[in-house]
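Paired with subunit B in one complex and with subunit C in the other, subunit A is shared by the two complexes that follow.
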Partner chain A sequence: MAVAAPSVAGSSARPSGRMARHPWLSAAWAAARTPRGAVGLSLTSAVVLIAVIGPFVAPNSPDALLTLTNAKPSGQFPLGSDFLGRDVLSRVLDGGWALLLMAALATAFGIIAGAGAGISAAYLRGRPDGFIMRTVDVILAFPQLVFALLLVSVLGPRLWLIVLAVGLSHAPQVARVIRSATLDISERDYVKVAELQGMRPRKIMSSEILPNLVSPLTVEAGLRLTYSIIIMAGLSFLGFGQQPPAANWGLMINENRNGLPLNPWAVIVPVALIALLTIGTNTFTDAFARVAIGIDRRPEESALIDELTPGAPR
Partner chain B sequence: MMPRGAAGSAAPHGSADDIRLDVIDLEIRIGQSGADVVSEISLAVAAGEVLGLVGESGSGKTTVALALLGHARRGLRITAGEVRLDGVNLLALQPAELRAARGARVSYVPQDPSVALNPTLRVGAQVAEALRVHPGVVDDPAGRALEVMREARLDATPDLMRRYPHQLSGGQQQRVALAMAFCCRPSLIVLDEPTTGLDVSTQRHVLDTVRSLCRSYGVAAVYVSHDLAVVSGLVSQVAVMYAGRIVEIGPTAKVFADPIHPYTRRLLAAVPSPDRAEILTGIEGQPPRPGRRGAGCSFAPRCEFAIEQCRLAPPEPTPIDGRAVRCIRAAEIRAHPVPRQAIARGQAGTGQAAVLSLRSVSARYGRRPVLSGVNFEVPPESCIAVVGESGSGKTTLARCIVGLHTGWTGEIAFGGARLHPGIRGRSKDTLRRVQYIFQNPYASLNPRKTVGQIVAQPLEELLGLSFSERSERAASALADVSLSAEFLNRFPDQLSGGERQRVAIARALVVEPDLLICDEVTSALDVSVQAVIVEQLRRLQRERHLAMIFITHNLALVRSIADAAVVLRDGEVVESGPVDQVLEHPKDPYTAALIKDVPALASRRE
Partner chain C sequence: MAVAHAGADARASGDSLATGHPIANLVARRLAVGVLTLLVVSVVVFLATEVLPGNAAFAVLGRGANPARLHALERQLHLDRGVADQYWIWLSGLLTGKLGTSLNGQPVWVLVKPRLINSAVLVVVTGLIGAVAGVGLGAAAALRKNGWFDHLTSVTALAVTSLPEFVVAISLIILLSTVVFHWLPAVSLLPPGTYAWSQPKLLMLPVATLVIVIVPYIFRMMRAAMIEALESDYVEMARLKGVPEWRVVLVHALPNAIAPTIQVIGLNFLYLAGGVVVVEYVFNFAGIGQGLVFAVANRDIPVIQFIVVVLAAFYVLMNIVSDVIALLATPRRRIAR
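Up next is the complex of A and B:
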């Protein structure tokens, strides 16, 4: 059911045509249809939706000082006000997109750098392997948040630097996972076939090995996205992210924690949104990993059973 | 029931009294009410008798074998029928009773002992464990363990008992698995292709062990195999399965000497003979999968004798000559002789300069020498078979020639020029002219590329052709291996094993090489598919005037395809010469032993 074999269209002779199907897309679709995946996906998309359309539907300006400080919720301000008297609802609606965007970019950067390092180390072996993996070991010696903090405090709290720093702090972990997956794949016969055709190492890595790493990479990306969100929020909380008066969920938690007894919603809502988002991405990634592993290691027999009993639970 | 009655009366040894295993109308479906995987399976095995269950992969033979232990794989369910062992229906037992019966009264020998044995348990503990979980079945467990190891022809020294499975050879591992299966003196043993992964000589020794154990224990045994030749010397009754049903069941001698069902006939025609060079006729197409089986006879789409009536209703088993055959035209078909066609071998390429010549080639992996002083030549337009057991250095030899293994000394000359040891030191033209086909088609095709991309890839890398030229030549290369252009957009996981290997052949031939190296290219395939592939290779080699090196452990295949043979033993050439000479008058005792160990169809040895 996961990889529905598409009927092969006619006899159109397009040998080097585009891929007729994307196994990881259909795997993601299959994951979304499992209970676990459905929960994860709906949580994630709900929070993403809030962050994306929030700025357009916010009733007030996020920066305007409108009422008393730390005011309780009222008809006009459903979530009350923050420590400067700004509308919490508007700030919540406005404060997600930057966090999400930065987390996504950092994840993408971390995955690309980590996968590049991992594949090269595993395929080239020898000196490149030693150099890359020892570097990775050194970076891994630091806790991830500490490493990101170190980079940010040295380089300064510019947003693109934060993205790079968080991405870089992911790269070693990704490199380790991808290296071990690549070690297995580089011994496969189809890689030897490509070598026998005189293919260059760079092309072997990109066209023979990389496409076979899509499942572990997707799983890794989901996991790293979860961490990125936490680290980004954490950095904001510690004052290294967006600077005031910008609205940002992480920053809001820090700013309003003194007003917690007066208007707890200014803290609880951003905390809840970050928590739901990370739970959502993590749950969906977990569902995807289960499906992807099932596909990668699927014996023909169970493929047959899946195909003949649509909708059967795995 | 008709089928059982027919089969039961057909069994030469089986009087009604000593029937140990009696399977009645077994049916297994997918899920609750899904398609049937196997159905109407009825067979009976008497004490001391071995029944062979044969068929192509996907015929349902392993599914039936597991059902004999009351087990159905995940997603499958035994929906009807009985498996009576000494009169007790295993399928009606409670889970606890079934667990007590498994291992003690019915035991199983799996296909691959290297994964069936627990790698963390010592051999002695492994065998003792089987006895420990069934306390009271034997009196003296420790003594029994030693006894059964000796019976399985293992030298049960304390040293061996202390070893771990990975420290044993494949043959020894399989003997340990046999010892575990026999240690509780079961009534029934199910053997699921226990010799498939083994060398011919190891296979023969394991088969001898199985034979003597079955005989001395008076056990009923079911031997599952896709290889008719293996079964022919061992079993007294054979059941041929096709698409989940038994299409022919009867005494081995009769079935093999005079097959009636068209499928049995085709299967037998696909088995290579070590004694004669014959054109192998494989079976094109694939068996229909569960849920896709039509109303009529499942074999009708592939059957040369099929008539309109065959497609209407599934044939019932008909008793003929002591057998039960599911074919409505059985009587008419029997009159047709099974076609066998000898090959007229031309004298190829004598007196011309060799395409490839090896002079004192030695290779090592690390410190371990794998090849030492190998010399031979491949004349133009000829096929040289390289034979030997696993570990004899066949694959290393091929990898040295193509450049995948660089740790060798000596001289390999191709087309008169010395070959550089590594791929990087060779020109694109040299890479193009020497093509290598890997053993396992499941590993040699990139699962993320379409067949079209796979076949066109060498054209881009080695010849730098344009997109349209690549498309054209890829399509025609597929046509050469009888695959239609529809396959261009398919992915490897949509292909059967035979189709995959054809794609690999097309990929090698699309660049028009001068030398083709085939490394055990049929060892992962069914016998019926192997015949198709070998015939295709033979035809293409002739048509394209290719020089070819055909590496195999199967001496029977050598007859059908090669002009000359080189026999390797522990990295040394012990014998070489024209095929007929090597196979009929072997000079080296090793070659003679190899030839003796090749399983052959009993009927042909008469």
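Up next is the complex of A and C:
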């Protein structure tokens, strides 16, 4: 009985049968066809492509000292050389994948932990709710970057630690958004029916509530991915991410900024790639949020407006 | 949605503590929760820095640690006591202003105080400029919804909200101080013994960077709230009554749109607590953010602990302040009970 009931939610217009497209997929597809979504998706894919294929097509070793330091672009080195005389083009091509991978892992960790905490808090109420939300408040008292720095300061710049710290610092924000979405859903009839059928709370949360949170979770994942990239790149820039001689866009910017007057490309190109990537992920997320949730703004903004503006539609 | 939660709390507390002014009760309650949160924060900071594997003394000395130096440093950091004792020594020191000494021998307070002042100047100047610019741009865009100005500013805002601070900072350096133009200094190195306000030119790029980063959020919120206010029944009513349009905008729509915006402005002060870290580092600006980065690089635990607690305290305090201001600015909630 219980097994036959999962995921019905608000998708009443959904045709039956296995081939039916998941509403999430159709929302993503619709978002990709809006001008904003198309721009976001193409920017993101372009940068991801460079980061993934880059290491295989780099003309030189990223670590080899090949020419003068801070040399201007030339035929042999299209983007010139860096502060040690290494090929900037090869380092750019090699310097994105670790950043992307770490950002993606941190995002996944933050979403899973945050969604778990948010759903449990909202559905179980009472003590678990109080405990989870107070923990959330404590973590929220740290600026995200400072939280990561605090952990790095003790254990040193270990990559797994950075992923863990950044992911953990995302979890509270995700938990808050998902908690309030869950509060809504757990009042719906299909959840009540499952409860009357004697379904266990854990089962209800995973098979009745979670499937209906896919859209808000996707929006959160997009937002958190953007922030992850920003924080990861920032940590590398500060020297607490991958250590030299690793090629990393954040690190490259810091290493070469004293050489700006000589060869600006060693800074401009990594800066542009990071900027295009975060603009891409953020723009696509924005387009997706408009299509899937039907809002013209971020979840936290609409919550604020609903709560605080007199006369706002409720 | 955090806010919805806080609102529910507020109402509940208003009912249970029926004595006294509801807002005073709310403030007292939020302050109590804030102090408790900070206490837990201090435990977390302490545990993270002192008890995690490989104790602080060893972390500082690294491989060069010989037993005698390790021992001396352990005593200096009170690592030879029990955990609860250590925490108590640290916390009571923090509360009585005995912050201990940095690893380079200077008292922590002497090291951090000028940085605190410089960062405060940076944050306040940025916050004021950002708030005015964000509210102005947001209201202007909302008045001509879907006009060219609205589209231009909205798309720009979306792009800029996505950018890391150091990307904005480096772009400004490239544009204004090294490659394209040479108008402003690329580093904001304050002469020793001077404070940020004595060198306004050195403040310009750090402030510009942070303003560019925070304005889009305030702008987006102001625009959205202003559009909702302009489409509301009471604005329509005012128009039907024949109230002149400038009065409709300034007296009827703007005050109602500004309540949620104030909260976002508050949230941006929160953001600045973290944002100063990277920006101060980029510009070599002697604030607590740069101090934190240096301390982390040198594993200067006493300095790290103090700066992190200060940032967290600022964060918690600003959260309360922005909630209370938003509450005061919202008539519906002020009289709800």
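We take it that the second predicted complex is superposed on the first by the 272 of 314 C-alpha atoms of A that agree within 3 Å, B and C clash if a C-alpha of one lies under 4 Å from a C-alpha of the other, contacts with A are read in each partner's own complex, and residues count from 1 in each chain.
Basically, contacts are C-beta pairs under 8 Å (C-beta built on N, C-alpha and C of every residue); 3 or more make two chains touch, one makes a residue touch a chain.
Predicted model, so just to flag it, every value in this text is computed and none were measured.
*Asks:* Output check: A:Gly234 vs subunit B and subunit C. Expected answer is one of first, second, both, neither. What do you get?
*Replies:* After superposing on A, A:Gly234 lies in contact with subunit C but is clear of subunit B.
*Asks:* Could you look at A:Leu196 and tell me whether it touches subunit B, subunit C, both or neither (first, second, both, neither)?
*Replies:* first
*Asks:* Contact-wise, after the overlay, does A:Arg176 reach subunit B, subunit C, both or neither (first, second, both, neither)?
*Replies:* second
*Asks:* With both complexes superposed on chain A, which partner does A:Pro211 reach: first (subunit B), second (subunit C), both or neither?
*Replies:* first
*Asks:* Of the two partner chains, subunit B (first) and subunit C (second), which one does A:Val152 touch, if any: first, second, both, or neither?
*Replies:* A:Val152 contacts subunit C only, not subunit B.
*Asks:* Which of the two partners, first being subunit B and second being subunit C, lies in contact with A:Val138: first, second, both, or neither?
*Replies:* After superposition on chain A, A:Val138 lies in contact with subunit C alone.
*Asks:* Have a look at where A:Arg188 lands relative to subunit B and subunit C in the superposition and call it first, second, both or neither.
*Replies:* A:Arg188 sits against subunit B, while subunit C stays out of touch.
*Asks:* Quick one: name whichever of subunit B and subunit C touches more residues of subunit A.
*Replies:* C
*Asks:* Which holds for A:Ile268: it touches subunit B only (first), subunit C only (second), both, or neither?
*Replies:* A:Ile268 contacts subunit C only, not subunit B.
*Asks:* For subunit A, which residues belong to both interfaces, subunit B and subunit C?
*Replies:* 301-302, 304-305, 308-309, 312
*Asks:* Taking the complex as given, what residues does subunit A use to touch subunit C?
*Replies:* 36, 133-134, 137-138, 140-146, 149-156, 176-177, 179-181, 226, 229-230, 233-234, 237-240, 250, 253, 257, 260-261, 264, 267-268, 271, 274-275, 278-279, 281-283, 286, 296-312
*Asks:* If we count contacts the way the header does, which residues on subunit C are in touch with subunit A in the complex?
*Replies:* It comes out as residues 1-5, 7, 33, 37-38, 40-41, 44-45, 48-49, 52-54, 56, 59, 158-159, 161-167, 170-171, 173-174, 178-179, 186, 220-221, 224-225, 228-229, 232-234, 256-257, 259-260, 263-264, 270-271, 273-275, 277-278, 281, 292-293, 295-297, 299, 301, 304, 308, 311-312, 315-316, 326, 330-333.
*Asks:* Under the definition above, what is the set of subunit B residues touching subunit A in their complex?
*Replies:* Subunit B residues touching subunit A: 30-31, 34-35, 73-76, 289-291, 402-404, 423, 426, 428, 431, 435-436, 438, 440, 443-450, 452-453, 455-458, 460-462, 467, 470-472, 474-475, 484-486, 488-491, 493-494, 507.
*Asks:* What part of subunit A is in contact with subunit B in the complex they form?
*Replies:* 3, 5, 8-17, 19-21, 23, 188-190, 192-199, 208, 211-212, 214, 301-302, 304-305, 308-309, 312
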